[in-house]
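Chains: A, B and C, in written order; residue numbering restarts at 1 for each.
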Amino acid sequence: MSELRYLRLRKLKNALMLTLMLTLAFLTFLPLLLIIGSITLEGIKVLLKAGVSFFASLPPKPTDVSLGGIAPALIGSLISSSIALSIAASIAFISAFLTTEFPNNVISRVVEVVFRSFSGIPSLAVGMFVYSTVVVFMRTQSLIAGAVALSIVGMPYAYVYFTSALRSIPEEYREAAMSLGMSRLKALRYVYLGISRKYLLSGLLITFAKIIGDTAPLLFTIGFVTNAYFMGLDKPSNALPLLIFIYALSPYEIYHSVALGAAFILLVTLIALFEIAHAVVKEVRL
Amino acid sequence: MFFKSKPDKILFISLLPFSLTSLALIVYIALTLGWEAREAFLRFGVKLFTENVWRVSEIPEYESYGLLSPLVGSIYVSITSVLIALPLSISLAFTSAEFLPKNLSKIVSHLTDVMGGVPTVIYGLWGSLFLAPVLRDVFMIPLNRYLWFIPLFSCTPLTGHSILTASVVLAVASVPYMTSLVREGLAMIPFKYKEALYSIGAMRYEYFKVLTGMLKPYIVAATLLGFSRVLGETTIVALTIGNSLKISLCVFEPGSTIPSLIANQFESAGLYKYALPTLFAGSLVLLLICLTLTYVGIQITYKWRESML
Amino acid sequence: MEKRAVTLAVIGLFVLAAVAVVLGFISFKTPEAPSGTKPEVMSSTATTSATSAGKVAISGAGATFLAPQMFEWARIYTQTKGVVVEYQSVGSGAGRDMFFRNVTHFGASDVPLSKELYEKYRGRVLQIPVVIGSIAIVYNIPEIPENTNLCLSGDVIALIYKGEIKRWDDERILSDNPSLKNYLLGKEIVAVHRSDSSGTTGAFTIYLNKVAPNIWTKDLVGLTVDWPADKVAKGVGGKGNEGVTQVVQTTPYSIGYVELNYALLNKLRMAAVKNADGYCVVPNETTIVNAVKSAFKSGLAFPQTPLDDWSDVPQKLMNAPGRDSYPIVSFSFLLFWREYPKELAGAIKDFINWLNTEGQGKTIVGYLPIPEEVREINLKALQIIEGR
């Protein structure tokens, strides 16, 4: 009898906990859904009004009637984030491999602490740092300076997701690989990459998302070009989040619309990136 | 240094230069920040962190700065936001990694990824334009009306831009990161424990209880790491916290953090002699706090990981 | 299969990056601008290298307030003259820093160089006021009917921000607004101010100090201020003009100060401000331009060339005499070097010339053209700037 009661109690607790957890998980997504919903709604309106030329023209003047476009920001964002991603991801991946393979080494621990502490530098301070080194040295703001700042900001993200991916490999596989006499590099190539590729790729994409979506490091480094599409890697350029930030805070209705359209495009790009990633890499069966 | 074999050693050494670039970079950044901050340290000394003033003047002798309020604010906001984010992250990690059926769990981890990818500007603008007034009307005002005797809720909310709003938005934005940390911990618990648990007929509740029990040190570490990540966030806080230099326990009051102070003051700090060095000093201190916290957090993870093996 | 896909994806990303790098080094010309005129974008290094056809790009950075007007000017100038002008809104201080470090060609600032800085750069830097800005006192009192205006004197505004006038039915407010007696209820005033450092706050506090030096003392003047109202009354901060706008819009019984363009575009209720001659005046094109004109005629000594010391001009512009003068006005300045590399000097001169002639006819809502007197002073820059 009491055993039955005990079972009931267990069941009750179980149900309670599950509901609580699901509610919490749902609560977490509520803001996301709200954000996506409102930006999509407003953004589509803007895009319908602006048409295809939104991707190909220069931003409007405050007094313009037609919305113009965000071409310089699109070009700038794509180039600077791609460069930044390749720098950040390669350094982070090598370091992640090192620290997961040799976890007990003093140097690994230092590297780990350093990488994770990078996120503690306010991204604006990263911008200030790049400004007072690269920008002042080059005597102009530039795409390169922006990319350098972004790569510093992206590195800790890439590192965290890469280590977490490499560590999610069950110890059994590691041991199996080693017992087959594989070298660590071979094990990485043939075993670890295969098992952890989903996490690795999602880490790569999240890093890309972080990089393409960050404003503060670009504020003093990349410039804000609105009257030319592209002037060269060593010349000022523009970026989507920067454009959103500056236009959203201006008093002009037309800039608010452009900012909303840009935000929508940024969001769609990010979601598409994740979709592609998940479509390419199907769930790994263990 | 002990290596199992010679190839190991060669591999380690050949990987080292790449990893050490990060070390070199952080040292260089710290030195640059310290160099730019030197005038503030020389002029104000310890007072820079024990006083709460922000008095600018074109005449350098009249300038006076103390970072106490943003320093306290940084820590306060980070604690609140981590406290909000932690239960969310734990439940998210468990639901997505252990409880949900495969295809649902895919969608959840999918959404988490998207959440991690949403730019901070968008979170910030959303928090400032949408969340702040809503939180004020449906949450802060009632709480203040009925629970005013609790110091946390004792002040009348005016604009909605407050420590609470900033913490909530920060928490939402940091959930993906913390979730990935918890998930990392979960993945490191050997299968045999999980199998054993199910084989003795443990319900999900008990399963959760046992696993979180095992994870406890790891969760503490994740909290520290999440804390240090939140500490440096700029855009979100600057847009939602209200940016006032008051020091208050009440979460409905506007406040400031070091990054938000930098964001607010950087634009014209260059006009004064000591303002910019003070801002650099602030970010240097932030960096040092982060290094310490991260170090402790990582030590805990290492200890825990060893105990798992 | 899957493994290959991942490898491909990763390689793809790297290739993308590589292509970007290559693309970047092969700089290419800009396609035609949407309006149909043809700006040709040529690359040129900030201050050092010459470019082939003598065509250059001019870059500037600074005051956020000036940004929309600069965006407008830069676009029109780029389209009509074929010289690309770019402006970045980073704030007065940061813009000035970039200018002095030669990262940009010109700076923009809401405040002139201080005496100390002026001495440091004496004879090397030109200051050119390009537009008149004005600060509107905005309020949100739902009871006041649309067709009537609240009138506030400088003293009253200072007392509100000091936290000494706490309620809307205060005698000192009522005495200036006898007709509004029934609408000004005993509600507490929420005094909204900027939380970030800004030229707007700078100008606002200069004004308060000038009209009420005993209430608003010198130590409360600056781009960031330790607001007394925050401590003794209901004072709150908003980040940026848009922040203050938003707080005033959503908070009944609040008062705030914003740049005129924010007040106009967001349709905020603006208070009339009592001027030096005792009239209540609302900010608009006539009253603001009048204020600057009458300040220049008032016998105060204004600078005669862009190389002069402009540091006390903001103070002199405030509370100008005249029945029709709005008392809170300010200049926004552009900073230029006296010397530029040869190929750049011509372009810069042409830009300054254009700004002070045609450009003045292209100001947008909330920004007012500078009067003839000031343009004449500005145009002396054409004789001063030289190529080397």
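Some points to look at:
Keep this in mind: a contact is a pair of C-beta atoms (placed from the backbone, for glycine too) under 8 Å apart; a residue touches a chain by one contact, two chains touch by 3 or more.
A quick note: this is a predicted structure, and the numbers were derived from the prediction, not measured.
Put simply, the chain farthest from subunit A by mean CA position is C.
When the C-beta contacts at A-C and at B-C are tallied, the pair with the greater total is A-C. In terms of their C-alpha centroids, the spacing between subunit A and subunit B amounts to 17 Å. Centroids built from CA atoms put subunit C at 35 Å from subunit B.
Along subunit A, no residue makes contact with two or more other chains.
Counting partner chains per residue, subunit C has residues 64, 90, 94 touching two or more of them.
Touching two or more other chains at once are residues 263, 266 of subunit B. Listed in rising order, the residues of subunit C touching subunit A in the complex are 2-3, 5-6, 9-10, 13-14, 16-18, 20-21, 23-25, 27-28, 30-31, 33-34, 39, 41, 43, 45-48, 57, 59, 61, 64, 67-69, 71-72, 74-76, 78, 84-90, 94, 98, 101-104, 240-242, 245, 261-262, 265-266, 364, 366. On the subunit A side of its complex with subunit B, the touching residues are 10-11, 13-14, 16-18, 20-22, 24-25, 27-29, 31-32, 34-36, 38-39, 90-91, 94-95, 97-99, 101-107, 109-126, 128-129, 132-133, 152, 155, 160-161, 163-164, 167-168, 170-172, 183-185, 202, 205-206, 209-210, 212-216, 241, 244-245, 248, 263, 266-267, 270-271, 273-274, 278, 283. Here subunit C touches subunit B in the complex through residues 64, 90-94, 96-97, 111, 114-116, 190, 195-199, 219, 222-224, 226, 230, 234, 236-239, 243, 246-247, 250-251, going by the rule given at the top. Put simply, subunit B touches subunit A in their complex at residues 1, 3, 7-8, 11-12, 15-16, 18-23, 25-26, 29, 32-33, 36, 87-88, 91-92, 94-96, 99, 102, 106, 108, 110-111, 113-123, 125-126, 130-131, 172, 175-177, 180-181, 183-184, 187-188, 190-191, 203-206, 208, 225, 228-229, 231-235, 258-259, 262-263, 266, 280, 283, 286-287, 289-291, 293-295, 297-298, 302, 305, 309.
Of all residues in subunit B, those touching subunit C in their complex are 53-59, 62, 128-129, 133, 158-161, 238-239, 242-246, 254, 263-272.
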